[in-house]
Every structure is written in C-alpha cells, then in structure tokens.
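Each of the two complexes below includes subunit A, the first together with subunit B, the second together with subunit C.
Up next is the complex of A and B:
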C-alpha cells in the first residue's frame, strides 16, 4: 500500500505536465508578455528595450485614469443594484416558486444565448424617440418625453441587465444553502423576520452572495459595449481606452500598462474581499 | 399528576395540506411540568403536530390553548415555547457561546449578563467552559445536542418541544442523553413535549405517551399503561417484539383457528368477539414441563439470540413464528431444530380488538 502511495505521489507531477505546459504557453506567457510590454517605451513593438514607468505615468497625466475610475464606479453601482434586485428573485427561486423555478431559471438564461450587442440594440429600440416606450406613450396618452438614451443611467441599466444572471445564480445557490430548520429555529427563539434575515439568511447565504458579487464585479469592470451602445460614448470606460491603444493608436505598451493596472486594482479588490469573507469559514469548514 | 393544571390544550386540531390530512382532529391536554411524548412511525403526523404547537404551522381547524389563551394565530417568535429541532438547527457561523446567547441577544440582554447566563447553562449541561468560544461545527454530536438544549433553555420557555433530536445519535450516547434529558426535566420543572418514532425512547423518559397513527392519536397513557394495556394491535406491535395471533372468543375460551388451539383468555374487553391476542416475549417462556403455564403450544426451536441477561428463542408453530425468552442462567443448549414447549399465563396476555 505504502509503495503504491509513493508511486502515485511520484506520478502526480508527471501527469500534470501536459496541463502545466498548456497553461504556461496559453496563459502565463501572454500575461507575462503584457506585463513586460507595460514597462517598454511608448509605441514600441519590441520586448527588449530598457524598461521604464513612462506608460504608467501617461495614464495619470492623461485622461485614462478617469476612464479607470468610471469603469470601477459603474461596476460598483451595477453590483450594488444587482444585489438588491437579485436577492428577492434568488429567494423566490430557492424557496417560493417551487416547480416554477426551473422555468424561470430558463427564462433568465435564454437571453445569454443571444449576442450582447443585439440585446443592447434591443434596448435602443425600446427607449429611442418614437420607439417602443416613448412612441407608445405618445400615441396612446399624448405624453412626450425626452429619450433617456445616452445617459450614465442607461449604461448602468444595460450593465445590470447584462450581468444579472452572474449575480442571480450564485446568489440563488447561496440562498438555497440556508437550511429551513435553522431559519425556523431563529424565528422560534424570538427573532423577528428581519432579525432572521440579518442573523441567519444573510450570513449563511454569504458564500453565494460573495461569489455573485465578485463574478459580476469583475465582468462589469470589463464592460465596454454598454457604454458604447447605450451611453453613446458619453462615458469612456477603461476597456475602451485599452482597445484604442492596441488598435487605432498602435501603442501597445500604453495599452498593456492600462491592462496591468486594471488587473492589479481588480485583483487587489478581490483578494481583500476574499480575505474579509473567507468562504471556507463562512461555510463552517475551517 | 391530576392536581397539576393544564398548560397546553388541543381541541380538535386538524391540519390539511391540499387534499392530504396530516393531523385529524386531535384533543389532548398536557399538564404543567409534564414530560409528554408523542410517538408514531414516520408519516404519522407527529412533526406537523409539534410544528403547530410551536407556532411554525397554523392549524387548519381546531384550537390550541396555552394556559387557557387561544394561541392559534400567535407566531412562533411570540410564543413562550421553544423547539429543539431534529437537525438541531444550530447556527454554524457562530460559536457555542453565541448560539446559546442568541435568544438573549434578540431580547437585548446586556453582553455581560448574556455571557454569565450562557456559562451557567453550559455548566448545567456539562459543557466545558472552554467551549464558549469554540465554533459549534467543531463540536461532537453529543456536545451539539447540549448546545441546542442550552440555547432553547436560554430562551426560558414555558414549554420545550423536541423533534426527535436524538435520532441521529449512536445507541450508547443516546441512552446517556435520554437520561440526562430526563434529569434536566426534573431540574428545570418545565413542560417537555417530545416526539420520537422510538417507543423505547419514549418509555425511558416520559410521564405520559401519546401514540399517533396516520394523523390520529390512537392512545394516550402512562408508559406502563401503553405497555401493559395497548388498545390496538398497532400500539401493541409498535412497542418492540411482540407475539400476536388472530383469535375469536368462543364460550369463554379463545380459539385460534390457524393453530387449531384453545387458550385461557385474560380479562376480556366488553363486546369483544374476535381480534388479536398479544403476548410479550418476556411473558412467553420456553417450558420444561407442560404444567408450567396455563396456555401451551408445541413448536420447533429455530434460532436463538443472546440479549445479555436474557436469551430469545425463535419458535415456529405451524406457519407462525413466536419469540420466547429465558433467563441466561436457564439457557437451553443443543436444542435447535428439536420440539419445544412454549407457554404463557392468561394474565400475561392482552386482547386487542383490531
């Protein structure tokens, strides 16, 4: 037995080699490339120049840092709205709707099969002057209103709409992990409905809620088309700047620096959150 | 017992879920300080019944009276009652101390007072003081049991409900905890309403037992009454091993058509014409001589089971299997597959009508 165990232990690293090589070439190498590029002089396409921090300085002397702040801000607002919107739905899916939950889950999933751009243009048709909403209001009630398109609120609406499933499904999982008897016990011990929510539901559903937060936040920080399509370029998110730097401006080092900065900011945030809410501790595994 | 005032009265309590009736019009009075146990197989409606008493379900019909006050519409968090759940329902994200203090925290009891009360309860339930800050998920099954009980006691309820809290615990520990629970009952003087599917568990702890079947309360009585005078075949069979055979009354004697035998009856209930004769294994003995018992059957010894102080014998009479007992000192040896006599005295048997 011991021999077999040792043999297995020896085989472990060997068996991991193909995946390791794949990850090295497909994931680590490009990432490393981007990181190195971010320290190269402006507008070079070589990785072998003397490194410097010029690109990072450019981000803060120019307007790119504003884009970064917009991206982070929009993502934060989106995630907070999503949390408020999704909790009741998640609660319903996990506890109230019963056999209808499957159908509803399907309805929430189906839009994911349609391209994001197409869905966002759908919103344009809905909100545009003489479109679905304003057109109906005008012809039926004679009410004429300014279109809400191309505002910051519209961008948030688009982001909330697009990232809803990424908050909803982990959250539903979290809510369904709260045992009914534990909720009953708290209620039976004198807690009000609100206290049951605060003392039992919320902390016990926290792993799912946290995963939903992180997932939707990380995706929302990288949001681009919402601002382009629904925001009418009123707001420039950092991803837009990165795209421009790599394509139109042909300034790969600057684009790389922005990408690296975004990664560092988001990763720091994620790590901080994970440290504050250790998923294993919340689940009572440690 | 009769001098104690009723604390909980049920009047025609009924609960229906759609077309299914889980509890059928139960009337019951539980006295102050009583240890009352509801037993029944799974699906007998006992959990539903308890949840109604605790205020977690509302009855479809009937009234629940707590010290004379109708509490049908009083939610669980407003009732002076508390439940220990089957899963214990401890808060896994909290320590032992926080779990116990939960009901006190809800009532805004100051922290120092809460802690003092928690430590006092922990001492009473023999939980080491060092466990105060321990994560409750790291406690053993028996310890968690005690935490759940301490938490319920911290609420200081008039009545404690127990929903089979010992069912997931191994036999030996369960036996210890049963006795501890009974001690706690004596110490606190509170009313305990306990449900279990194990009549053995009910016997050990209860002042009175109510047996439920398919939503009906089929018999209520002291453990002794339930054991010695079950009022139905169901109740008699529910209490462990039992020998049971269909009989009819014929001229003052019981006739078993199946065995072609006649027996001397115990006290015959009025109006009895046919039903079942129940003989407990400890009353059915393997005999040395035919005149050792009033009723005797001849059968084949098929198997034997040592139970410690006693030995059980499986004796086959015709198609029917009987379980008889003997003290260990009088064990039969080398008699497997031979003919043996089993017998009982009329007064040790019970007649039930259905």
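Up next is the complex of A and C:
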C-alpha cells in the first residue's frame, strides 16, 4: 500500500507536466517577458540590454499617475454603484421573481453576446444630439438640451452597463445561499427587517458579494472602450496609456512598466481585500 | 526613428520567432518552414485591401488562400514585422515615408522587379509618373513599392456651419481661436495629430524643432485637447458632424469624411488650408499608400502578382470604393479606370478640388523628433483629463 501511495505521489506531478508546460509557455512566459521589458531602456525592442529603473522613474516623475488614479477612481465608483444597483435585483432574482427569474437572467445575459463596442455605440446613438433621447424630447415636447455625451458621468454609465452582469450573477448566487430558515428564525426572534439585512442577509451573502466586487473591480480597472467611446477621451485611463506606448509611441518598455505597475496595484488591492475577507472562511470551508 | 538598427532586428528575428509562430498559428495556421507557398498570400494592410470585393476575384483566379489583416496605424504594422512576423506576411501596405525611410533601411521589405512593375506608373496620374520618389529607395535604383490610394488629410468641416472658403482661409488658426472651444473634435490618429499640432503652433512638423517651438507646441497641445469636445475615431467624428454636436474636426480628409459623404452628407467636406507653415508656405498634408513585398525568407510567389492584379482599371476602381472609406487612386490617370467612376463617386472623393488640394499639401513624412512630440501630446491629453 505504501508503495502504491508513493507511486501515486510520483505520478501526480508527472501527469501535471503537460499542463505545467502549457501554463509556462502560455501564461508565465509572456508575463515574465512584460516584467523584463519594463526594466529595459526606453524605446528598445531588445530584451537583452542592461536593466534599469528608468521607465518606472518616467512614470513617477511624469503624469502617468493621473491615468492610474482615474482608472482606480472610475473603477471604485463603478463598483459602488453596481453594488447598490445589483443587490435589489439579485434579491429579486433569488427570492421574489420566481419563475420569471430565468427570463430576467436571460435578458441580462443576452447583451453579453453582442460586442462591447457595438453596445457602447448604441448608447452614442441614444444620447447624441438629435438622437433617440434628445431627438424625441425635441420633436415631442419641444425641449432642446445639450448632449450629455463625453463626460465622466457617461463613462461611469458605460462601465456600470458593461460590468453589471459580473456583479449581478455572483451576488445573486450569494443571496440565494442565505437559508430562508435562518431569516425566518431571525424574524421569529424579533429582529427588524434592517437587522435581518445587516446581521443575516449581508454576512451570509458576502462570498457572492465579494466575488462580484473583485471581479467587477478588476475588469473595470482595465476598462478602455468606455472612456474612448462614451467619454470621448475626456479621461485617459491607464490602459489607454499602455496601448499608446505599445502602438504609436513604439515604447514597449514604458508600456510594460505601466502594465506591471497596474498589475502590482490591483494585485495588492485584491490581496488586501482577500486578507480582510477570507473567502474560504466565509464560504464555510474552515 | 532611424535609430533602430541591425542588432534589434537580429534579436527580434531570432528570439521572437517562436512568439511569431504562435501569433501566426492563431490567425493563419502554423506552417512548415519548407511549405509550398505558391497557393497562399498574407497581406498586412489598411482597410479596403482586406475586403471580399478585392480579394475574392484574386482567390478565384489563383485558387490561392489569401488572408489579409487590416490595422489603422503604420507603426503597429511595422512593429509586427520587427517583432518577427516578417516570416508571416508577404505584402505590407503603409503610408509613403515608412517604406523608403524605415522599412527599406531596416531590410523589412525587398525590391520589386522594376522592369515589370515600373511601367504601371506610366499610366497613373501625372504626380505619380516614374521615377516616383516614394516608390524608390534613396539611391533611386530599387523599386520598393507600388502606389495606389492617396488623398489630402488636414481637417474636415460641416460647410453648413463654416463655409469652405472661410475654412480654407482661416486654416489651422481655427484651433487658435478661443471662440471655437467646444465646437470641434479630434480624430485620434496620433502621428497625424502631432503633425497638426505643429501646424497650429505655426511651424513645419517635418524637421528638428527648437526648444522654443517645442514650448509653443506644448501649450498648443494642452489648449487643443482642453477645448476639444471629443476625441474619437472617424465614425464618431462624422456622426457628430452630421448630428451638429461639433462643427469641425482634425485630423481628417477625403479618407475620413468619405463615408459621411457617401451617405449623402455632402456638407461634410475635407478642407486643405490655402496657406500654412509647411514647406513652400503650403497649408495641408497628404498621404500616399505604398504597398511593398515583405522581406519574408519564404515569400509567396503571388505577392508581385497581387500588386499587378490591383493595377487593373476595374480592380483599381474596386480598391477606391472598397468597404470602409473611399479614396482617389493613382490609377485614375488611366482613362479606362477613370471612366468607371460615376459622378456621385467623384463627388464623394471631392474630385472637383482634389488636384488643387494635393498641390496645396506637402507629402506625409517622418518627424525627426516625433517621440518627444508624441510624449508631450500624450501628457497633454492626460493632464486635461476630466477638465
């Protein structure tokens, strides 16, 4: 039996070799390439030059931090709005809408099959001068208004719209994990609706809520198209800076340094949150 | 940008060959180094050459598998070759100076059969008669590419808001007039935006700039982006001009406004200023696409054949009006080609003023201190964020 155990122990890593190689080539190697590039002199295309911290110095002495702050700020506002918007919908999907929930879930899911660009251009047609909204207001009520496009508010609207499913579905799962019996027991013991929400619903739904927060935040920090299309580039998020560095500027090392910095900031944030809210604990595994 | 040298090229060829193979594998199918390439052709181009109208007849004629990928900026396409995809592509289609001043010195493209290909220039519009400088290397010995689409590219106005004459007279000063804040957009096209900011600042982009000029450029960049209502792509710019959200935009020309004109909005018009700070007091800048054969060690024998195929009058007309944008072509110098254009099509590409606009324009060139100017512009866009 002991021999069999040892044999199995040996076979495990051996069987994992193909996947490990695949991950090394497909995931770790490009990431390592980006990290190494970030230490190369500016505007070089070679990975074999003397490394330095010049690109990071450029970021910190220049104004790239503004783009990073915009990305983090817009993502934070988006996540907060999504939390407020999605919780009631998630509650409804899990507890109120009954058989209509499937249909509603489908309605939230179907737009995901349409390209994000197309959906955002749809909003342009909706908000543009003489478009669906302003054109209707003008022709039906004679109200003439300036277009709301190309403002920070429109960028947030676009981000909330695009990332809504990524908050909603984990949150719905979280809410549906709360046992009705526990809620009933709390009510029977005299808890108010607010107390049940604060002390039963929210803590027990927290795994789903946290996953929704993390998923939508990480995606929103990397948002680019919303600021480009709906924001008219009134705001330059960090990913736009990274894109520029890799294309027109032909400055791969600077783009890599910005990408590494973004990864470090987001990873730090995620790790901090995960330390505060241990998913294993709240999922009840420990 | 000529600083890119041999060492980088060697490195890119060797160390990224694997990455290129993966990249190619994704879109083009991994092929053996010794594969028979007589029945395949890969084209890296601006939109239009990748359309079914252009490629399908060639596929039928040759029975070849033709794959084309379209991008909308030259540096990215050239970076793809530098990053090892020289082994993937057979033809590359970029704006004029990149072939002669960048790709040829870096050995990214190879010479064409001059005896066979140069006679095609004889049938082109007068400005393209051989020896045509952008199709030749610096020594004038090697033919390095073929010309086809071209056009003036300065800015676009809604003539219901600003008359053509007034826009041509005022020229780049439209952007120096504070009264125009919030009335214009900027079509994101970073190299062209740099050219235009130089013109608005009152100096020629295609030379080394003094510190005083750079300081002026910096102030102009901040002002232009702060006062812009929107920065976006050409579809957004045209849509906003038509809806009345903006009155004019830079950068733009026949290429960018032709989709709006084709849709009936003939009040959307490309403008070339009467005068400006460019060489010879010219006010506008024009582009000419040059299509070259990539220095692929295993290049497809169909590459030159395709270049000949698009010289045909009918195919030239198809290229001019392929999907996306619509543009004049050098082959319109051939009466057999010109007669295929309807009056409506000629109106879309502003044929009525094309010759004079090209005469008022200098040709797209390399900016010696482009990196510095681009960084300043990017910082300016960032600094006015949310403002």
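Here is the rule we go by: the second predicted complex is superposed on the first by the 283 of 286 C-alpha atoms of A that agree within 3 Å, B and C clash if a C-alpha of one lies under 4 Å from a C-alpha of the other, contacts with A are read in each partner's own complex, and residues count from 1 in each chain.
Going forward, a residue touches a chain if its C-beta (ideal position, glycine included) is under 8 Å from a C-beta of that chain, and two chains touch if they have at least 3 such contacts.
Here the structure is a predicted model, which means the values were calculated and not measured.
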item: Side-by-side fit of subunit B and subunit C on subunit A, or clash; value: fit
item: Contact breadth on subunit A, by residue count: subunit C or subunit B; value: C
item: First (subunit B), second (subunit C), both or neither touched by A:235; value: second
item: Which superposed partner A:45 touches (first subunit B, second subunit C, both, neither); value: second
item: First (subunit B), second (subunit C), both or neither touched by A:268; value: neither
item: Subunit B versus subunit C as contact partner of A:131, first or second or both or neither; value: second
item: First (subunit B), second (subunit C), both or neither touched by A:7; value: neither
item: First, second, both or neither for A:139, with subunit B first and subunit C second; value: neither
item: First, second, both or neither for A:102, with subunit B first and subunit C second; value: neither
item: First (subunit B), second (subunit C), both or neither touched by A:152; value: second
item: Superposition-derived minimum Cα distance between subunit C and subunit B (Å); value: 43
item: Subunit B and subunit C footprints on subunit A, overlapping residues; value: none
item: Subunit A partner contacts - residues on subunit C that touch it in the complex; value: 1, 4, 7-8, 11-12, 15, 73, 75-76, 79, 82-83, 185, 188, 190-191, 228-232, 235-236, 239-240, 243-245, 371, 374-375, 378-379, 381-383, 385-387
item: Subunit C-facing residues of subunit A, complex; value: 43-48, 62-64, 66-67, 70, 121, 124, 128-131, 147, 149-150, 152, 228-229, 232-236, 241, 244, 247-251
item: Complex contact set, residues of subunit B against subunit A; value: 54-56, 75-77, 81-83, 85-87, 89-93, 102-103, 106-107, 135, 137, 151-152, 155
item: Contacting residues of subunit A [partner subunit B, same complex]; value: 179, 181-182, 184-192, 195, 199-200, 203-204, 282-284
